[in-house]
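A quick write-up on the structure given underneath.
To keep things simple, chains are lettered A, B, C and D as they appear, and every chain counts its residues starting from 1.
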Amino acid sequence: MPDPVIASVGASPLGRTDLPGRDLFSVALAEAFDDLPDPADIVEAVYVGNQSETYEHQIMQGTLLAEWAGLRHVPAERVEGCAAAGALALRHAVKDVRNGEHEAVLACGVEKMTAGGTSGATDALSAAFDRAIEQRSGVTAPSQYALLGQRYLHETDATERDLAEIAVKNHANAARNPRAQFPKEIDVATVLESDPVAPPLKLYDCAPVGDGAAAVLVTTAELAADLNRPQVRVAGSGASANNIAVAERDMTDIAGARVAAETAYEEAGIDATAVDIAEVHDAFTVCEALLAEAAGFAPAGSGYQSYLPPAERADGWTDVQLSPSGGLKARGHPIGATGLLQALEAYEQLTGAAGDRAVEGAETALLLNEGGVGDAVTVSHVLTTAEAP
Amino acid sequence: MPDPVIASVGASPLGRTDLPGRDLFSVALAEAFDDLPDPADIVEAVYVGNQSETYEHQIMQGTLLAEWAGLRHVPAERVEGCAAAGALALRHAVKDVRNGEHEAVLACGVEKMTAGGTSGATDALSAAFDRAIEQRSGVTAPSQYALLGQRYLHETDATERDLAEIAVKNHANAARNPRAQFPKEIDVATVLESDPVAPPLKLYDCAPVGDGAAAVLVTTAELAADLNRPQVRVAGSGASANNIAVAERDMTDIAGARVAAETAYEEAGIDATAVDIAEVHDAFTVCEALLAEAAGFAPAGSGYQSYLPPAERADGWTDVQLSPSGGLKARGHPIGATGLLQALEAYEQLTGAAGDRAVEGAETALLLNEGGVGDAVTVSHVLTTAEAP
Amino acid sequence: MSDDALDATNPRTLPGFFDALADGELLGGVCTDCGQVLLPPRPACYACGSRGVDVEPQFPEGEVFSYTAVHTPPPAFAADAPYTVAVVELTDGGRLLGRVAADYDDVAIGDPVELTVREPTATEREVALDYETDWPVHVFELR
Amino acid sequence: MSDDALDATNPRTLPGFFDALADGELLGGVCTDCGQVLLPPRPACYACGSRGVDVEPQFPEGEVFSYTAVHTPPPAFAADAPYTVAVVELTDGGRLLGRVAADYDDVAIGDPVELTVREPTATEREVALDYETDWPVHVFELR
């Protein structure tokens, strides 16, 4: 089977922008194809991750963005698993290339979250919850995650201060990321004293609402070499659903993420100890703790130590560095683009393009992108450095 | 590569129902797995075609329906290309099986269109049009198709009466289809005298709004044989986007559908003359005429003769029978399920389960499922009779 | 699975489930293979995959498994905020999310609660889908 | 493609395009390779794939290519129905959909029309996305 690689990446500005979604995509596309032939000369299929049609009252984003890239008669579609939509798009591109369906596929993601105010985003995000019981009870994304967080604090030694430290760590990372929505350091007090949203979560435990688009070009290793592009190998891909309702899951063993990560590890022929950096889905601070455990980086109950230097973490922790980009929390979380922004960060880290925030010696990255609350769906990829064939 | 086959099908009642989408899916699932082991014993991945989150304020349909089928830790996602969502789900299932990703995949589709009244459906469908120019000009699905129809009548010898005859033919087919939303014959006058919707299209030129769900099990030929199921081979699959805006396309040469059909023919190693029956996307009567031409069944400008017996059609027409199910027009058009209802019809025709409406000697079927207006995206499959291996 | 038609009177569908709930009866699916309780009932068990699912009344009491307060509500519930929600583990083993009729500060994990059912408010009816309009709302009360 | 930043003042973005339209100027993308006109401008040409796309004013006249009347409007435009819409082939080669300020019965394929621009109505502003609020609406008038 052909070896799928990421051959190029691009992203729009992240945060509160004055551009519609398709224009954000234009910016991401221009960056991704800056040194390349026209997309129409290379790309054979397009997948678009997009969470909600309500932000811009627009479905058919596959067709729309393919056309915007100058591609008319190619397969193009939108894929949706709430905030995992971006990694679903990446996964389809990877599968098409490794199965010989196509030589080059464009995975993109876009979300224009700020077009309808905060209440518009709150409403759009709540469509990810089970309608019959959860939505009708008035829960929100922060309160759903707070239910996970409350239980996690109950079962483990973690404290609200630990969760705050995760936010502090991710902001510190973002401060060195020119793409970040919030490229500034914060302190623990700022998190602990921020407005209550859904206890134990406060405003600074929550990833922001924001706009953004990303584009990731997946090709065969041969084509990437022909194009003279730095390449990163996609060594494994896994995906797993779990119950849609939070109540019916194990709320502290994030089993769907565990299955997705293990599938990706198995395909890559590695285990968790081989991972140098991981971009995990810290939509809320507690997620980073839970996902560190699900990914096999941390023993049960000690994932909250992700903010500590490896030497200071509990026995059984790996040396992984989590979310060098700043994570969803500080890099930004434009829902449908997030999974591709994770891939972008890993691409830059593994190709020596991460500048000030480079994690020294990073050769293997894990991506964990989730949709719905927690692991209602999880998509995971293992990326590794690659030599041109 | 493994030979992908359809091994089972199921559908809910179609039309105005009092069941939510997930319950409609339960009905379709029960039929599809009536003679089979539990889904969890067979199915390795789930794709859900669904057009709009607004009908039931619900995204994450992949996760939700997988769980409803008793599948927890499998890849599950929603795919969306407006009304082509169902065939996109089928296409992913087919690709996964033929590429050895999975042995059995469940392709399903659901749409609960009647949960928000007619204005809800009109609004939800309009999200398929380009937002910037088309939606802001106040167009609707019927008026968009009317623009195609008006041009078609201008360029060809077709008349409004011919379009009406297409509706009459499809109602006559539906009258023999126990699954049809409108299982009753109508006459030409009923169509011509029905309320104007968007000239030249009248109420009876339009497929109805309605609820529905469908489930299609795609497996290897070997597994279908082990399960003792009648099987239909998926011999080819094609997909193509086109411009999102109607104005920017060739409005009478439906090029996206042409590309999708030709890709499916090529994979199947056949041409249009080999096709015995075709389920085409007659969301509006004029579509059947346009798609008969795009699929290579009819010479340019004579597709409107689809309602005539083969012997009475113009030279260059094949002997194909179009939409024995009654088509979207009379069988029903629950958007995200439609592509799978097309597959269901072909499955029943090719396995001798079509009862009164069986097309004698049918061995090869073409499916054309479209999303957006006309061919903004088209997904096509060629199905053929298969002997158990 | 039962041979009854899966129509809106069947408690294996949401309309049937909420009809029973409106009468004060919480119906759960109970897996005949592994005992998992499914709230609401559904065609198959997510824990083991079995389609052997009985429908049985669930005892309307349980304990708080996790809880929080919603300070930034969806637009339709703005007037209620902050309000408390919880995941409750019921006596018969199922888990169900719902509102708690108590201040956040008065709730703790492990607290015993009772399930009550009320008609939807005018505001809730306004944001309901056509088929949800008469569906009741369940609320947990501290015991 | 131009080196200018792709920001909201750039006519290669929708805000830039509609700003110019508000001033009465219809800007199109014109492919430097195959001449295709793209309305509104976009990063690449759908006809040939080239990213060589210039932005040029388009002459605001053309002919009706197809047309219809909307009898069953979206909720926001209910008061206007029935109204006429058309696909217009512009003199410079691009095609654009828009409303026609004429009764359906007074329009025919081939009729010459002129593009006019007006501010959005209060109703149109109500259903606009935040960033669309001030975008103008174009209307074709029979010449």
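In this section, a residue touches a chain if its C-beta (ideal position, glycine included) is under 8 Å from a C-beta of that chain, and two chains touch if they have at least 3 such contacts.
The model shown is predicted, which means the values in this text are computed figures rather than measured ones.
*Asks:* Nearest whole angstrom, what separates the Cα centre of chain B from the Cα centre of chain C?
*Replies:* 36
*Asks:* Calculate how many whole Å lie between the centre of chain B and the centre of chain D, each centre taken as the average of the chain's C-alpha atoms.
*Replies:* Chain centroid spacing, chain B to chain D, equals 32 Å.
*Asks:* Out of chain C, which residues touch more than one other chain, so two or more?
*Replies:* Residue numbers touching two or more other chains: 14, 46, 129.
*Asks:* Please list all residues of chain B that touch 2 or more other chains.
*Replies:* Expected reply: 20, 56-57, 67, 71-72, 126, 132, 243.
*Asks:* Should the pattern of chain-chain touching be classed as line, ring, star, complete or other?
*Replies:* Its topology fits none of the listed shapes; call it other.
*Asks:* Report the complete set of touching chain pairs.
*Replies:* So, checking each combination of chains, I get A-B, A-C, A-D, B-C, B-D as the touching pairs.
*Asks:* Which residues, counting only chain A, touch chain B once they are in their complex?
*Replies:* Result: residues 20, 46, 51-54, 56-60, 62-64, 66-67, 71-82, 84, 88, 95-96, 99, 101, 126-128, 130-132, 135, 239-244, 255-256, 259, 371-372, 376-377 of chain A touch chain B.
*Asks:* Inside the complex, what are the residues of chain A that reach chain C?
*Replies:* Chain A reaches chain C through residues 119, 122-123, 126, 131-134, 136-140, 142-143, 146-151, 154, 195-201, 243, 245-248, 251.
*Asks:* In the complex, go through chain B and note every residue touching chain C.
*Replies:* 18-20, 22-23, 26-27, 29-30, 33, 38-41, 55-57, 67-72, 114-117
*Asks:* In the complex of these two chains, what residues of chain C are touching chain B?
*Replies:* Contact set of chain C toward chain B: 1, 6-8, 12-15, 42-51, 129-131.
*Asks:* Given the complex with chain A, which residues does chain C contribute to the contact?
*Replies:* Going through chain C, the ones touching chain A are 14, 18, 38-40, 46, 65-77, 80, 83, 85-88, 95-99, 104, 109, 124, 129, 132, 135, 137.
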